[in-house]
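Dropping the structures in below, format is structure tokens.
In what follows, chain A forms one complex with chain B and a second complex with chain C.
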Partner chain A sequence: MKQRKGLFITSFLVLPVALYAIMVISPFLQAFYYSMTNWTGTNPNYKFVGLDNFKRLFTNELYSVYLIPALKHNAFLLIAMPVIVIALALFFAFMLNVGGRSRGSRIRGVGGSKFYKIVFFFPQVLSVTVVGVLWGAIFRSDEYGFLNSILALVGIPTKPSGWLSDPDIVLLLVMLVMIWSSVGFYLVYFSAAMSSIPTEIYEASMLDGASRVQTFFKVTLPLLFESVQTAWIYLGIIALDAFALVFVMTPEQGGPNHSSEVLGGVMYHYFSSSKAAVACAVGVVLFFFTLTLVMVSLRATRRERVEY
Partner chain B sequence: MQTDTRAPEKGTATTGTRKQPKSGGVLNVFSHGFLALWAIMIIVPLAWVVMTAFKSDDEIFTDPLGLPSQWHWENFTRAWEKAGIGDYFLNTVLVVGGGVALTMLLGSMAAYVLARYEFRLNKFFYLMFVAGMMFPVFLALVPLYFIVDNLGLLGTHFGLILVYTAYSLPFTVFFLAAFFKTLPHGVAEAAMIDGAGHYRLFFQVMMPMARSGLVSVAIFNIIGQWNQFLLPQVLMPGEGNNLLADGIASVAVSQRYDPDFSGLMASMVIAMIPAFVAYVIFQRQIQAGLTAGAIK
Partner chain C sequence: MATVTYQGASRIYPGTEKPAVDKLDLEIQDGEFLVLVGPSGCGKSTSLRMLAGLEDVDEGSILIDDKDVSNLPPKARDIAMVFQNYALYPHMTVYENMAFALKLRKTPKSEIDARVKEAAELLQLEDYLKRKPKALSGGQRQRVAMGRAIVRQPQVFLMDEPLSNLDAKLRVQTRSQIASLQKRLGVTTVYVTHDQVEAMTMGHRVAVMLDGLLQQCDTPRALYETPKNVFVAGFMGSPAMNIKTVPLTAEGAKFGDVTIPLTREQVEAAGVGDAKTVTVGIRPEHCKLGEHGIPIEVELVEELGSDAFVYGHAQLGNENGAERFVVRAGSGLLPQLGETVFVQPEVGKEHVFHAETGDRI
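This part shows the complex of A and B:
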């Protein structure tokens, strides 16, 4: 019997573990090694060059013109995007779950909550390229763009250098689209967490005369702390990607003039121009970026858990 | 964006201090207004895509907001045939069908063993799978390309199915292991006493009992794999080899030298329909499944 059990366990694990090891674990590990070689990706001969690729990425002007803006843009997205998404999602979730109190003593959401939840969540099931093409079409700089055609109707002429061709706002527009597509998911996510908070707590705070703002900041937010923390990490990982949107939406795929460059795009650029080792080095930079994010946010937000 | 989020909060602060039971009125106007605004921001662009997909290129320019005066169905045939959306669509169905089936089989096998059997290295394998949720796929991308190439699977549906499955395992194992743990032990023991072996127990007792969990994870995987962009973009080089998500991207990029705006919008509608239908049908399971996976 014991032997049979061992055989059973092995037979069930061997395929998934083998597939996972070959396709996921090994490329992750290889990326670290290749980042320290001069491998082109096509030529089988390559040698170990230590940290040269990293040095070049940061100091050689031909390389840093890609990497430095990308680092800045990802850092900007990393700081701004999660804050806005979480704030909006918390606000919506609060309104849809406990915001409708003025219509009676029972705690419930505002009218139409169900409808809003269904609509807000929908962008989450759309492919990121569909989202990118959709908003790319809205912000198009020529007369076909949705915004421009509306503006043309009221008599404002289109600017060929507007919207996505404007280096000052292109990154903000990309961020807006990221916010647009992720708020719904975190709204539903926070709603699920909010509905597990016992209603007596709300009723008690209401009896004590707490306003909705006070209830939100003194009751809801502290009890949701763990969910907010998890959301922060996931959104951070999304902010460090952003490649697909930039690839589809922006001119020159990261332009104009590198003003919407992100790390993923830089990596793709080196990968498709036969500099596989440099691409791996960018990947390693991205990895340490992600790792730092996870460590810092776990550290900074560590606190005691509220039991209820 | 930022100013929008603050406005309602200011409104609540002033109404809150008045401490009248009916002070919610102003706030309700604010919050309803803002909720409605966000809903419009989602519905209007999508409706615009659908309308535009039926218009002639001329009409898009002269009447961007109205209903199409004539419904140009040929935009869709053009997208399906000329832009290659039909091929992309079939490729996607094939790869996602195979990928989700294999993911569910391998994922539930691994999750089941890890959740309900004690053995050495159990914890190790579990953490190995779950850790995969944290790392950016980007890091693995370049070596993965050459691994798939060396296996002779570059540009093949089978290769992409294997890759999709491998990258879906972390979430699938994590979610299903949690689910298998909640299933009652009594039933399993009774089946064993009745003489069922480990395999029969899994396929005939545990899998049917885990149905609701399996459905949630399968839906999640369908959506996730259907929308995958990066992996097919890199692993399916060559003309006509695209899947929908990266196919749409390449149609959009080709717009720069061969503009066919209504055709692009028709391609978008074709790409959105399956997600939309699946979402409307399984809306409840999708929301429950996604959030249950994320809440510990």
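This part shows the complex of A and C:
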């Protein structure tokens, strides 16, 4: 009987596991292997070179000029972007669900909360390319740029050279666009989590004398902890990518002068310049970067499950 | 310690015509245990939530200790509430749950500690202070919810069906605990339930509601002995009173061949508006089985040990045909199914109501 059951379960598992092994695990392993060769990506003749590619990436100036800024930028995005997105999304979700209680009765969101929810969600349905082009137009260099024309209208000095070609702010602008396009999704995500908190708990905290801010920090936030944790990991992965936006929006795809370089872009650069093995090495670096993030955040935020 | 007064308080939900609570007038004494009872949707919970500040008071006002609180937010009313599902904070321990309100009020730590410990002792929760709600049984959660209210030392306790999530045995046990606890603390308490047994056993006074309207508010005994109308008569008491509308004659109410004598005043009052019928209520416990009386065909005998109830149908000679009738039989010889027994209502224990208005005569 027990054997049959095992067979039954296995029959369901074989196909998905096989697919996963072929499509996900084996490319990972291959990438590890190729990163230690001198494969160009097209030439079938290549040989094993050990850790040379990694050494070069970090120490040879021709290579490190790409990798080091990319690592720094991804690290910056990784720290700043999720915090801002989660803070904004939580704030909006709280306001839209329980924030509006002007007369001290019935828990509800601020007026028109359903409409806002849809509006905030809009960016999520646009493709990243569209988002990139759209914001590219906003930050355009000449007076036809949306931002420049508005600044000109109110008489604030414009930036004729363009916003995205300023090495000091280009990464911030990319991050701004990332935030703009993800807040809506996490707003809806947190809203769903919030609506599973029984109303009576809010009522009890009202009767206990908690203000809105106190309710948020002492009741809502702890109860949403698991959702926040999940969001953190997702956003971390988005922050480690950021390739598409950088590719569409920034000059020289990562410029000016490497000031918006990200790891995905570096990988792309080496693939397209016939250095597939180096690209694989960058991929391996990114893999360990991501793995560390997930392990650290899961470990650091481990907590008891909350049940209602 | 406080009195609570509802003065024509109404709640009309937006988008509805009919008030959920219609001009409620009710005075609750200091230290009183008042039970609001009625079928679901009668407005009892809404009345309680209006007092808590969780529902708006659309008309009239609510006073706590002569102070109009109708427009005050819940936290300014100094009340504590026990919810039906307890509404404990799932992420806090029992101790933190009880201490939450005090912490928000910046009560000194030593006092919080003393008050929580005291309440925990009162409710036998000392061993569970470090546990989270999910690690507690239903009865323990219920006690934590009580503890959270007690620790606050509020002016008024509000309880919204606090026993309905407990199993039958625990409910009976907790029922008496709450009643004695209230007696000991002497805090004015408003208690909502749909269970008339809870209402009868716990309340100093019981307010019966139906369709948003207060039907009657009196002591349990008075409700039982002199219900003001047909609804209250049928709602209080278990099994429910036999309420039958039968032909009215000059001598009294005709139950088939049996006439239950009514006084002249009663007959006159019942006949107002050319009524040819009268509604008479007879409690199952105010009947005797005998040789003659109202004939009843037995359909079910419910034996409870100390008591037995006989359920059957009686031909009362009105247009409804055979009507259900319940009688309490002593512990003696019980009738068999299908047998016909004769019921003699105890003289003077019947309740007479106007057939159309349902008011007591």
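Just so it is clear, the second predicted complex is superposed on the first by the 273 of 308 C-alpha atoms of A that agree within 3 Å, B and C clash if a C-alpha of one lies under 4 Å from a C-alpha of the other, contacts with A are read in each partner's own complex, and residues count from 1 in each chain.
Basically, contacts are C-beta pairs under 8 Å (C-beta built on N, C-alpha and C of every residue); 3 or more make two chains touch, one makes a residue touch a chain.
For clarity, every value in this text was computed on a predicted model and none was experimentally measured.
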Field: Combined model on chain A: chain C and chain B, fit or clash
entry: fit
- request: Please tell me which partner, chain B or chain C, touches more residues of chain A.
  value: B
Task: Look at A:L176 in the shared chain and tell me whether it touches chain B only, chain C only, both, or neither; answer first, second, both or neither.
output: first
Query: Does chain B (first) or chain C (second) touch A:P198, or do both, or does neither?
result: second
Message: Going by the contact rule set out at the top, does A:P222 touch chain B (first), chain C (second), both, or neither?
response: second
- request: Once the structures are superposed on A, label A:V128 by its partner contacts, choosing first (chain B), second (chain C), both or neither.
  value: first
Query: Between the C-alpha centres of chain B and chain C, what angle is subtended at chain A's, in steps of 10°?
result: 80
Message: Quick check for you: in the superposed arrangement, does A:G209 touch first (chain B), second (chain C), both or neither?
response: both
Field: Distance of closest approach, chain C and chain B, by C-alpha atoms in Å
entry: 5
- line: Dual-contact residues of chain A, meaning touching chain B and chain C, are 209, 214
Statement: So, in the complex, the side of chain A touching chain C is made of residues 103-106, 198, 200-201, 203-210, 214, 218-219, 222-223, 225, 304, 306-308
- line: Seen from chain B, its contact residues with chain A in the complex are 1-2, 5, 8-9, 12-13, 15-17, 19, 21-25, 27-28, 31-32, 34-35, 38-39, 41-43, 45-46, 48-49, 52, 60-61, 64-65, 106-107, 109-110, 112-114, 117, 119, 125, 128-129, 132, 134-136, 138-147, 162-163, 165-167, 169-170, 173, 197-199, 202, 223, 226-227, 229-230, 234, 244-246, 248-249, 252-253, 261, 264-265, 268, 271-272, 275-276, 278-279, 283, 286-288, 290-292, 294-296
Message: Applying the document's contact rule, which stretches of chain C touch chain A when the two form their complex?
response: 52-56, 71-75, 79-81, 83-85, 87-91, 100-101, 104-105, 132, 134, 148, 152
Message: If we count contacts the way the header does, which residues on chain A are in touch with chain B in the complex?
response: 4-6, 8-9, 12-13, 15-17, 19-20, 22-28, 30-31, 34, 41, 84, 87-88, 91-92, 95-96, 99-102, 110-112, 115-130, 132-138, 143-144, 146, 149-150, 153, 176, 179-180, 183-185, 188-189, 191-193, 209, 211-214, 226-227, 230, 234, 237, 240-241, 243-244, 247-248, 263-264, 267, 271, 276, 279-280, 283-284, 286-287, 290, 294
